[in-house]
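Order of writing sets the labels: A, B and C. Residues in every chain begin at 1.
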Amino acid sequence: MTDLRIHDGPSHVPAPDPGEPALTRRSFLRTGAAAVGGMAALAAALSPLRELSSSDLPNLDQFLQKHYKEMTPDQMERALERIRAQVEERYRVRPHLRDLKPMDGVEFVYALNLSRCIGCRKCVHACVAENNQSRSPEIQYIRVIEMPRGTLDLEQGNHRYDHPTVPDANHFYLPVQCHQCANPPCVKVCPVEATWQESDGITVIDYDWCIGCRYCEAACPYWARRFNFTEPSLPREQLNPNMAYLSNRPRDKGVMEKCHFCLHRTREGRMPACVEICPTGARKFGNVLDPDSEVSQILRSKRVFVLKEEVGTLPRFFYYFDERYPNSLDPEAIEIARRLEREEGAQYGALPGSSGPNRDFVASAVAARWDAPFLPGASTIDGGAA
Amino acid sequence: MKTYLRFLWRCFRLSFMGDGRYYAWMFLLTVVVLFGINAYCKQVVQGLGTTGMTDQVSWGFYIANFTFLVGMAAAAVMLVIPVYIFRNRELHDLVIFGELFAVAAIVMAMLFVLVDLGRPDRFHHLLLRFNFPVSMLTWDVLVLNGYLLLNLHICGYLVYCAYRRREPSRAFYIPFVFVAIVWAISIHTVTAFLYSGLGGRPFWNSAVVAPRFLASAFAAGPAFLILTLSVLARFTSYPVTPKAFLTLRTVVTVSLAINMFLLGSEAFTEFYTDSAHGASAHYLFLGLHGHVALVPWIWSAIALNMAALVLLFTPWTRRLSVLQAACAMLIVGIWIEKGMGMIVPAFVPTPLGEIVEYRPTLNETLVTAGIWAGGLLLYTILVRVTVPVLSGRLTEDQDFSVALGNESGALAGIGSHGTANR
Amino acid sequence: MQGAPSRFREQSSAFIAGWTLPIGFVVVALALLMNSGPVRIPVESPAIVSESLTAIGPRREALRDPPTIGVEGREENCRACHQIFHSASAAGAKLSYHHDIVLSHGLNDRCVNCHDIDDRERLTLRDGTTIPFAETPLLCAQCHGTTYRDWQRGTHGKTLGSWITGSGAQVRLGCNECHDPHAPRYPAYEPLPGPRTLRMGEPTHDEAAHDRSTPRSPLRRWREAASGVVPGAAPPVPAHEP
């Protein structure tokens, strides 16, 4: 057993310590060589750090910059100026960058009409163009899911649908983005308070404070958060120079980002980019504290639902359906019309202005469908989320 | 103070002394550490895109190892409880190796969190705006650091007392030992709450996560200590009795059995209910829509754990070699089960039903291996230093070279390490 | 265990510890330097989206008052022609002009259902009153009452400008700024490129076939097999008419 022990004594092995009495010239050389070799290996191991560009390292101002909520107006102005300079250096564009505060008496709510969404993905790309996301690797805030009719089981959705044209007759389209929850789990879990909810309901991120632990990404039930796994790449000519501190200013590698309801636009009264681009008007945005706003009207008059209500996040993003509108292209309606035409004679097609049943006739043709069930999926939809 | 610095200096020198195998082992670990540092430097330069993680699977190998290691650290308590609560004599002089391993495991766990950060340069933000007590991650930071300090204090104090040939004062460490018992359970509970508190991840959102974590930790941790102690028994003169092994074997057996029971309960709930929330469990155990990356892993883990459990129940594991094999099997099994098998499936499918699979990249694996090697390096040094001190062969009043020169003859003094007794 | 073997081991271990370490470290350093290239990250090239496809504005340009159309390269009012030429009779008429107009408005298949037969620069309501083109929604409302109601509330249709109500900056588009009154149904769109995020991977066969509806549960499959029920997904949904 004796010779198996690890500490058989120093006589066998020269210690690398020059003060060791048993030190000989040879062992000193060897020890020195080992130390030099070790240092060389360490230097070689660290060599990739040479590639670190100056922009990867925080400069002193950035390192000492305080949390958003702790900055005085002066300090904020300095931070903004630093960011402007960095953007200008990198993109050769002087950005219109400012810090926008929430407006009083405003709580933003979003509503999305699933009867109208056709899945064209214009919102996805308008959002990318507006918000200076990385183009490659690709970061998008909105994901449009193609769902088979009759279910809200997200697992059955198709994210990569690629038909020549949309909408596809047997599917409906479910766009998802940050729901700006009133009880946001992402805010709860952040260890450094780099993300928080503002008084207008928008959950924002201080990109200069985030440490990149991605706990919020794990906590989000709507998969709304995105992480910059590499240095974001954004062609110079595609930079949107209209930016705010908490919204679409260019991000760094290693931080989170997500939809912020285009706060650099909406806090100045404009519409979010996704609302503006939507070709069907399926997307609605407004102040829920204003009873005349479109979103208030929708919440009052439509049957709305939220995704995953059971997780208790209280989203400010509502989905709704229209009642079945009269659709005179409906073959069934046309069939009824033809039958009535046969039965009731030539009154059909009477000239406008003349008396006649034309108008009632159309109404009755439509009424025949009025009680028919809505989308087959309607009952599932009331039944709750997937 | 001067004595203490001299003690540290001697410990430092001691860590460079050993025979060829010691050097080979340390060299190997150093090389792996260097490759890990190299890989981490690349990650710092290029970003976490060098890992296999994605927005879809946003935590991977790092957090999996972190979780496993927190459990290993907590498991030291399974040596402390028998000794300080049940007055087990056999384990008395071995407790310190569990605590030293807790130190190494905590350091590894914290390194795994550090390498998982996208912005390690902003680590100080934790000190400036600490979202306590709301964020479970801040709890984790607190309990992990607290546990590290507790164990450093207990081990450091006892070893230093042995070095000074002083009887340790009970007031200086017994209270800490009892705090550490509760604390050990807390570190793994908090780590479990980190996951189980997320309503958006049904796979984690289960009350059984914390008990399961503890059970698996109390199997894997003592199993690792069995392996450590057999190395110690084989290569040093430090006394490790067969009874100590048998006590640990009981702990491992019971914990593993509880762990398998809890795993079964979880699987039953997921599969019998067959709700949409079971998708992740399906992905893990059976594969989902043609995605099967984790299936072979989890079934190997279950097979290893079951085999180990059967072995542990038989008298064969009264033989050290069989016991070692069973321990190795269950460590690997639990490492898979609660590392990759616990972390990754929660992300597949994503909350929006998308399936993106996760595979660690080479670079990520190198960083992981580097941290493991670093931890083992640390543990080896700690044990290397502790053994002669506690055996009374390296003390303050002895000349360094004389003390270690005597070491070869110290075998006779196996029983005479009384100075180290607590 | 004393004697020659031990001395040999002593010497060899001294040699190993002595010279293997420096050499080993140098080898490691070289290996690290050879391996110093960046890690390959499979980043996809950016999706190309023409800016015209994300241009903001009404979907189509509606006729303004007074309405004009291009006739042989000139902009002409309706009256320029319709004062001279007789209009075709209403029912079943063949158009002698306006061939580009394809009427696909369901039952509403007569020009003069909407266009005033006497004054083509105005539209006509069911009760015979006429309205300018700017008031088109009133015309549509005659049949599409619920839609009109929703449009008034702002829950149907598109709003541009500001979200602030009553600010004057809010512009609600009219029916014919999105819908072609002659063929109100939206044409199908070519969808913009789908997601290609980092390490997203390729879809598996199941996904390519878009079939995610097979029951996952082995228990359910077994029960269905035992009872002779053909394994299937949720209750079948009748195909929906577009």
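Please note the rule applied: a residue touches a chain if its C-beta (ideal position, glycine included) is under 8 Å from a C-beta of that chain, and two chains touch if they have at least 3 such contacts.
Just so we're clear, the structure is a prediction, and the values are computed from it rather than from any experiment.
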item: Chain with minimal offset from the mean of all protein Cα atoms; value: A
item: Per Cα centroids, the chain farthest from chain C; value: B
item: Interchain centroid distance [CA atoms averaged], chain B/chain C, Å; value: 51
item: Whole-Å gap between the CA centroids of chain A and chain C; value: 17
item: Centre distance in Å when chain A and chain B are each reduced to the mean of their C-alpha atoms; value: 37
item: Overlap residues in chain C, where contacts from two or more other chains coincide; value: 9, 13, 17, 21, 24, 28, 32, 36, 38, 41, 43, 197-198, 207, 212
item: Multi-chain contact residues (two or more partners), chain A; value: 2, 11-13, 38, 41, 44-45, 47-48, 51, 137, 139, 143, 153, 155-157, 159, 229-230
item: Two or more partner chains touched - positions in chain B; value: 19-20, 23, 31, 34-35, 38, 42, 45-46, 49, 54-56, 279, 353
item: Touching residues (chain side chain B, partner chain C) in the complex; value: 19-20, 23-24, 27, 31, 34-35, 38, 42-43, 45-46, 49-50, 52, 54-56, 271-272, 274, 278-279, 282, 286, 288-291, 353, 355-357, 361-363
item: Residues of chain B that touch chain A when the two form their complex; value: 13, 16-23, 30-31, 34-35, 37-38, 41-42, 44-49, 51, 53-56, 58-59, 113, 116-123, 125-126, 128-131, 134-138, 141, 194, 197-201, 234-237, 276, 279, 346-347, 349-354, 384, 387-388, 401, 404-405, 407-408, 411
item: Parts of chain C lying in touch with chain A, wherever the complex brings them together; value: 1, 6, 9-10, 13-14, 17-19, 21-26, 28-30, 32-33, 36, 38, 41, 43-47, 49, 51, 53-54, 56, 59, 90-92, 104-108, 110, 112-114, 117, 124, 126-128, 142-144, 146-147, 150, 153-167, 169, 173, 178, 185-186, 188-198, 203, 207, 210, 212-213, 234-235, 237-242
item: Sites on chain C touched by chain B in the complex; value: 9, 12-13, 16-17, 20-21, 24, 28, 32, 35-36, 38-39, 41, 43, 197-201, 204-207, 212, 216-220
item: Partner chain C, residues of chain A touching it in the complex; value: 2-3, 11-14, 26-27, 30, 33-34, 36-38, 40-41, 43-45, 47-48, 51, 113, 116, 118-122, 124-126, 129, 135-140, 143, 148-151, 153, 155-167, 169-170, 229-230, 233, 235, 266, 269-271, 275-281, 284-287, 290, 292-294, 297-298, 301-302, 320, 322-323, 325-331, 333-334, 337, 349, 351-353, 358-359, 362-363, 365-366, 375-377
